Structures are given as structure tokens and as C-alpha cells.
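Think of it as A, B and C in the order they're written, each chain with its own count starting at 1.
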């Protein structure tokens, strides 16, 4: 009886231009070809985006090199810090605009872009601004690398930009960054922010484009460092390409995280943690808790509670302030999620989704849980990168560890128990770069993030995040 | 429900007795992680309730108010004025619903019953040496008996927090059972005084203890201790009534009281009910808000929705 | 140029977020470098010290409980407000005898110093904390925590010196009672006005003006003060204060040759930090 009326965040705050150029040497410049970015919730074309070719990437790298040699590497560290503080403040000042833009281009709920993405972006710049003039307290004889080529994914467009650019600049490097082709708009807004901050031209360059642009960037001779976040498959290609060049490399790749629930867990909060673990950002999260490992003695009760909770998830218009699950980012991604879900059914797992009405236009996928999943099923092994949870059970902590670690990935893991010593026992054994205990999907600029095994190497965030950008 | 808790369904209401057994049962309930519970409540508080939903929520909230006066300075005149307000919250607008009940001290029940005759509004009486609960059981029983005789339709009792914190669950339980026996037809609301129980684990255990002893409602606070009703406390209690019904089939109501002063607060609580216990609880029969100043804020916001301009306090009666 | 009579400011104390005069009703004349009268500054008494310590104690738990990020944001906000008052501070420093360029340079350095410390809020624990590999099935880690209320006898450098002793004390969650530079207290009072408009909770920083020799011993002997920075105390006063501070084992920073233009290092922060080590078993 208590239906929430639509509560749409106003789009008026953003001003999307019909077309965008590349941001090179402090100016927006045209390219020969372009592509379109669409709103995944409506399939509406938002803008024409310049597509950088090899020559454009050349120009961007050259601009970054000039800025590095001429300005940025010579600037006193305290002055670098103040530029980054400025950027952090402008992001805070323009937070609502950035949140709306992110939701329109990416499909994520405004509640998340407003309460999670954008505040974390500002915090990340703020945090690394403080490091810029304290590097010698973190490492001995800190020296920047030079020009960094950075390629980021579409799941957290502006946040991944912040994770890449903030530490790079703080350490004294200049950057050429390529945002994902489906989500370039906030990176281009960030380019404007750099101008508002009077950042010297060429310190930050944004080249938009798809895989070819990315390849031209990471294989460019003029860069000293490659930083990539994205799929393990592309990460492997990049590692091959960089091999033998002497260029530094950090990779933050895929995951298939286990979220382990013991029978003495705080169940209501565990349910929230599971929901947040897999349905946050439509499951487009490399560290998503996509494998739920439940102790058998509590499995039925937990699943009942989980399903009840899933039925309250509100799927729909990303700009509605009450939306919990937004749109899948692209048709291609939707197709992949559908395909793997069908495979899950064929392999014999039981599929369940709460009744939920999906909009006619746009890319949508209902929150889905598979029970009766075995370690051998593809949906237990492959990264789906969507709102799809695979449920497995275990009997003993040893078994939980074995199953959790039985994957080529190792980005993150969750442990739910009220017993402190068991949390630490599990954390010691889990082969994952981040272990969340009685919480999930928590991020903080002060906290290092990154993977074991095929989830990549290098850490972003915290003191450790500096190492990726210093000699 | 599964078998995480080792007491079977049949033996549950009223039959788990004795401190040791109660302790085993209550301490076998799943724990509440403070950070997670507060995060969940805070997230639900970001729900944006607009336009038609807001209008609906405001009227619902008005109809759930237990309009309360619990002051040492209370007089029959004050109580009569409050009753008049409860029957016609906005004299200039007949479409405003009446409140659910008027909540007073036990010696003023008769006055309230007279004033509300025929209105359909309940009279709730605090009892059992409210607010501290520090009196001999005889006195608490007599207090309750008298309120019921004078016509109270609802009794708001306080639990013995000292006994609860000392682990004497049987004493708390048996006292509730004894008071319940004095209530007759009257509904029994059991006040946990969560501000003195401090932890959410205690709130969950006290909720179950009260329900197992026969409470018709569980209520957060007396309003005399800070913090009173907070969103996470209400959340934990709503989870308790939801789980209790799933296990026993019996539905128990929830009443946050104290500290809910604005329409925004009230709507946040309704969202919590909607998304935690579920719509079954979204009626005055199963959810109440103990408040006094809240009512005028609800009326002001209601008028803003109908007129489009912000109202001022001079246009609403103070009783 | 104009015969308009200026409206002068009353320089008061800054205690608990408010600007009281000294309870003693006393003041002392502050002159510029040439000996011309500038203003009457409040001359705080031992009772003002007592009130300031109460205010600092009241604010301490809440200040320490804020996230490091939040403290960093608030301190950065202070730097923003300082920047907005560069001209005023420059004038006040010129009155102490600095040439215009030197005064401006000192103000700029003070703002940058404040920014530097703001950045430490969420980093000091990452530099001084540790995970300790103990022999046994235990998880063991050490983290810094603020000492509590710190009394500061500020040095004569009326702005850069003040900022350099004050910011490191409060950044990690301590609260402070400052005895401002005795000969040139006016920039300290102006700093109080900056703090009052910068989201710094009342009581976190309390600024007293007056005679060091009168006030410092009361801070030093106060049993509810946990740390004492004697940078601005002369040798004799410092020795007396250090002795008094021993009574409740205050953490003491002794006066030393201070070059405010050098990299300050972390010692001004770590002096007023406790290290807490936590053991927890690891087991199934």
C-alpha cells in the first residue's frame, strides 16, 4: 500500500554537449573519427565522442612528456599537492553534476554515484594530495617514473580515473588516460575540472576511444608506465605487450570473490552484505562477492532471508533516488550475463529472481541467485560481471577456505562470523588481496586494493599505492 | 526459519522459562553487527518520499500517533486539551485523520476516557512505575489494574532493565506475564528502554523476551532517557517482530517513542517498516509512533502539500 | 587620505569556540616594532587557563573520534580561510618589524605549513603504525592514538612559529591550549578568528594571550593536561615547567633551536601520540 512515487534526480544540472574532442595539452581537439556514447537505461545517444587514433595518442604522449620535463617534475612537491587539493575541492563543489552525469552514462543508480562514487573520488584526490609532499616518509629517495599510460573500465568511470590519476600526479608523473568507450563523459568533465584548477597543460591528457586506442597507448614507446584496470584477458595481452620493454606495469583485473557465511554470523547484516556484495553497481564490480559460500547448518535460513530481501530491491531508472539496481552498462555486457545465466541453468543449478518489472527500453537484468551450484559449474568459475549470485555450501572452515581459493582469481573475499579469531584464521588463509570481515565492498583511499594471482598485481590506494608511480 | 536456534517452535511462547533456558535461547539468537545495522538504517533513511507517497505517508503517520503527555505537571485540563487535539488535529481541515491513541499517566486515564468517549481513539496508560520501573511488583500490578479499571485500552509497561542487565531474564519475563494477566482486554505494550540496554544485541534479546512473555507491542523508550527511538533500534525491533511471526505465526506491533519530532523522522520510520517487517505492519494496529510535538510538524507538512507554500507554527494549535 | 576614524578591533581570548575577555579584566599594551601602540591584548589569568583546559578536555574525545579524513578536511578548510586573510596577517606581521616581502613570505609559508599538516591526518598512522610479526598464533598491530589535552607555549614567531607548533598537536586528535607569543600576540588572536569560521569544533584549539611566565606554570602543573610543548618558553621557565609536568608524567617537548623553514619531520606529532598495540588470537 505504501508505494514510493517516482523521485527522479533532475538532469538539468548536467549540460551534455553534442560532441566532445580529445583533451590533449590542456585543449579539446578534434579527431578524424568518432563514436557514440549511449544512456544504457534508455538507449538514447548522449554524445559523439572523438576516437583517438595512433597519431592522436602520439600527440597526447608528447604533450605529457613536455609537461613532465618542463613543468610537473620541476614543481616543488607542495605545489603539486595544492593542485591536487584544488581538484579534490572542485570535485566536491560539482559533486551532484558529476553524479548525475555518471548515472546517465553508466546506468548506475544515482544513490550510488551520489553517495559512493563521487565522494570516494574527491576523497582519493584529497588523500593523495596530502602524500605529494610527504613521499620521503613512505619510500626512500622517491622519484617519479615519467609519463603514465592509463586505461580504465566502465564500471566506476570517474572513481577508476581518480585511482589512476591522483597517485600518479602526486608522485610527480604526468598521464595519458583512456576511459572506457561506453563511459567517457565524466572523464571529459574531469578534463574541464583540470582547466578550472589551472593545472598546467599536458599534465593530464584524456584520449577517448575503444580497444585500438587503448592498445596504441599501452604499446607506445613514449610512456614509462602502464596502469590498467579491466578484464583478465586484456590484462594478459597488455602484460605480453609490455614484456621486455622495461616499462612498469600494474594490473587490476577480474575476480570471483567468495563471500563466506558461518553459522554464527550476524545474519541480518550478512544478508545486507551479500546483497551489497553482488547487487551493488549491478554486479559490475571486479571484487563483487559473486560466490556465496554458506555453512550448511544455516544455509536454508539464510537463503530464505536473502530472497525476502531481494524482493525489496528496486530495479529501474538510475536517476530515481530510490533505485537500488540500475541498468546494465551495454548490450554486449547484457548478452554476456544472459549467456552465462543460461549456461548455469543448463548445468543444473536452480535459478531464482524476485518478481520485478523491467523497463522496455534499455539494458536490464533482474537480480538473480543460483542455488545448488557446484565448484565445477561455469557460473562458479567465470566472472559474470552482473547481478548474478552463485550459492555453494560448506561444512567446515577448512572446506570453506579450499573452495574460496579454488579459482585462478584472487581479488577479494568476505568472511561473516562473530568469532574474531576465526576471522583472522580465515584471513590468513584466503588468497585474496582484500578480505572484508562482517562487511563487503568497502573502499577507502587510505586502504590498498588489488589482487592475487590472475586478478592482477600492484596496489591502488593507501601508502602502497604510491609504489606503482615511483622508481 | 532454520534450526540455528535450538528451541523448537511449539515450546516457544510462554514455555521457555527459567533464566538458564531463557538465557540459552536469547543468546542463541543471531548477533547484530552494530556497524552493519546502522549502515542499513542510514541507507533506508536516504529513500526519497515525494508527492503522492508523501501525502499518503503523512496521513498514515498521523493515524499512528500515540499523542502523549507524560509530565509531572499534567492536569485534567491538559489531558482534555490533548484529547481534543487528538480527535481533530487540524480544526480547519476535516480530512485530517485522528490519532491512534492518547497516552497519559494512569491517574489521568479516567479523564482521558471521558474526553474521548465515542471517538474511537484509544487511551494508553503508562504503568508499572513508569519510567524507571523501580517499584515492588504489587505496586506495578495495582497501577496496571487501576488503569484498566478506569478504561485504558492499552497499557504501556516498562521492563525491569536492572534485572535484564543483571541477566535475570526470568524476572523480566515473569513480570511481563503477570502484568499481561492484569490487562484483560487491554493491549500490552512493553517498553524496553533501549537507551539503557545500549547494545543492539540486547535490544534483540529484550524484544524476543517481551514477545515470548505475551507482549502485543514492543516499544523502544519511555522518552525520558536519551537516546530514545533511533532508526537502527527500530530496525532491530522490526526484524524481531518479523522473525517472531515467521516462527510462531503471531504478529506483534512496534512503537518507537521519543525523539521523533519531524515529518522526515516519521517517514523514515515508515520506510523502515515497509522494507523490514513489510506492509502488514503499516497500519495503526501494528505500528505506532509515541510523540507529542511531531503531530504539528506533520500538520504543517500536510498543509504545505495542499497549499504549495510553507506553513508557520502560528497556524496550528498548541495543546 | 580620509579623515574617517577607524573602528578598532578588541583582541580577546579564544576559548571553547567563543571569544571571552580575560575573567581577570586585565589587558596589556601591544606595541609595534617601533614602539607605537597597536592594541590592548587580553592578559589571561590562571582561571582562564583552567577554563581553557576544561574546554579542551570536553572537546577532545569528539575530536579524536572523528575520522582522520574528516579532521584532514577541516584542517584544510583552515588553510583556505588563512589564505583569505593573507593581507591582514601580512599587515600584522609587518607591525612586528618584518619587511613587506618577508611578512608575505612568512604568511605564505604558514598557510603551506598548515596544508602540509592537514595532509598528515590520515597518513601519520600509516607511517608510525605497524603489523607486528609476533611468534605465535596472534594477530598483532600497533596504532597511534592522541595523548589528550596538550598545552603549548608558543614561540615568538607569531604566525609561522605558531602554526608549526599548533597544527601537529591537533592533527592527530589532541586538543590544545595555546599561550600565544607574548610580545606579538595579535596574529594568534586573528588565527582564532580563522578557526572560529573553519568548522573546527569549539574547544579543540584554545588561544590565550598574556604573560608566559604567569600562565605556563599553571598549564605545566595542571593534572588534566597530558602533554606540554615548551617551544616558546625561555630556558629557566622551561626547566620549571618540565619539573611541574613530571607530576602527572606529561609528554614534554623541550625548547630547541627551531628553524621554521626546514622540513618539520614527524616528531612534533609523535611526541603527543601514544602507541596502542592490540593482540588477538588467530584460530578456527
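As a working rule, a contact is a pair of C-beta atoms (placed from the backbone, for glycine too) under 8 Å apart; a residue touches a chain by one contact, two chains touch by 3 or more.
Going by UniProt, the chains are A = Betaine-aldehyde dehydrogenase; C = Aldehyde dehydrogenase.
Every value quoted in this text rests on a predicted model; they were computed, and no experiment measured them.
Participant: What chains do subunit A and subunit C have as common neighbours?
Facilitator: Joint contacts: the list comes back empty.
Participant: Taking the mean of each chain's Cα atoms, which chain ends up nearest the overall Cα mean?
Facilitator: Centroid comparison flags A as closest.
Participant: Would you kindly tell me how far, in whole Å, the mean C-alpha position of subunit C lies from that of subunit A?
Facilitator: Their C-alpha centroids are separated by 41 Å.
Participant: How many angstrom lie between the centres of subunit B and subunit C, each centre taken as the mean Cα position?
Facilitator: 49
Participant: Could you tell me the distance, in whole angstrom, between the mean C-alpha positions of subunit A and subunit B?
Facilitator: About 44 Å separates the centre of subunit A from that of subunit B.
Participant: Quick check on subunit A: which residues sit in contact with 2+ other chains?
Facilitator: There are none in subunit A.
Participant: For the complex, give me every residue of subunit C touching subunit A.
Facilitator: Contact set of subunit C toward subunit A: 68-69, 72-73, 76, 112, 115-116, 118-123, 126-127, 139, 266, 280-284.
Participant: In their complex, what parts of subunit A are in touch with subunit B?
Facilitator: Listed in rising order, the residues are 1-7, 111, 115, 263-269, 272-273, 297-302, 304, 312, 321-322, 418, 438-439.
Participant: What residues on subunit B touch subunit A, complex-wise?
Facilitator: Interface residues on the subunit B side: 1-4, 30-33, 35-37, 39-40, 46-54, 56-57, 60, 239, 270, 274-275, 279, 282.
Participant: In the complex of these two chains, what residues of subunit A are touching subunit C?
Facilitator: Residue list for subunit A touching subunit C: 78, 81-82, 85, 123, 126-127, 129-134, 137-138, 397-398, 420-422, 424-425, 428, 445-446, 462-463.
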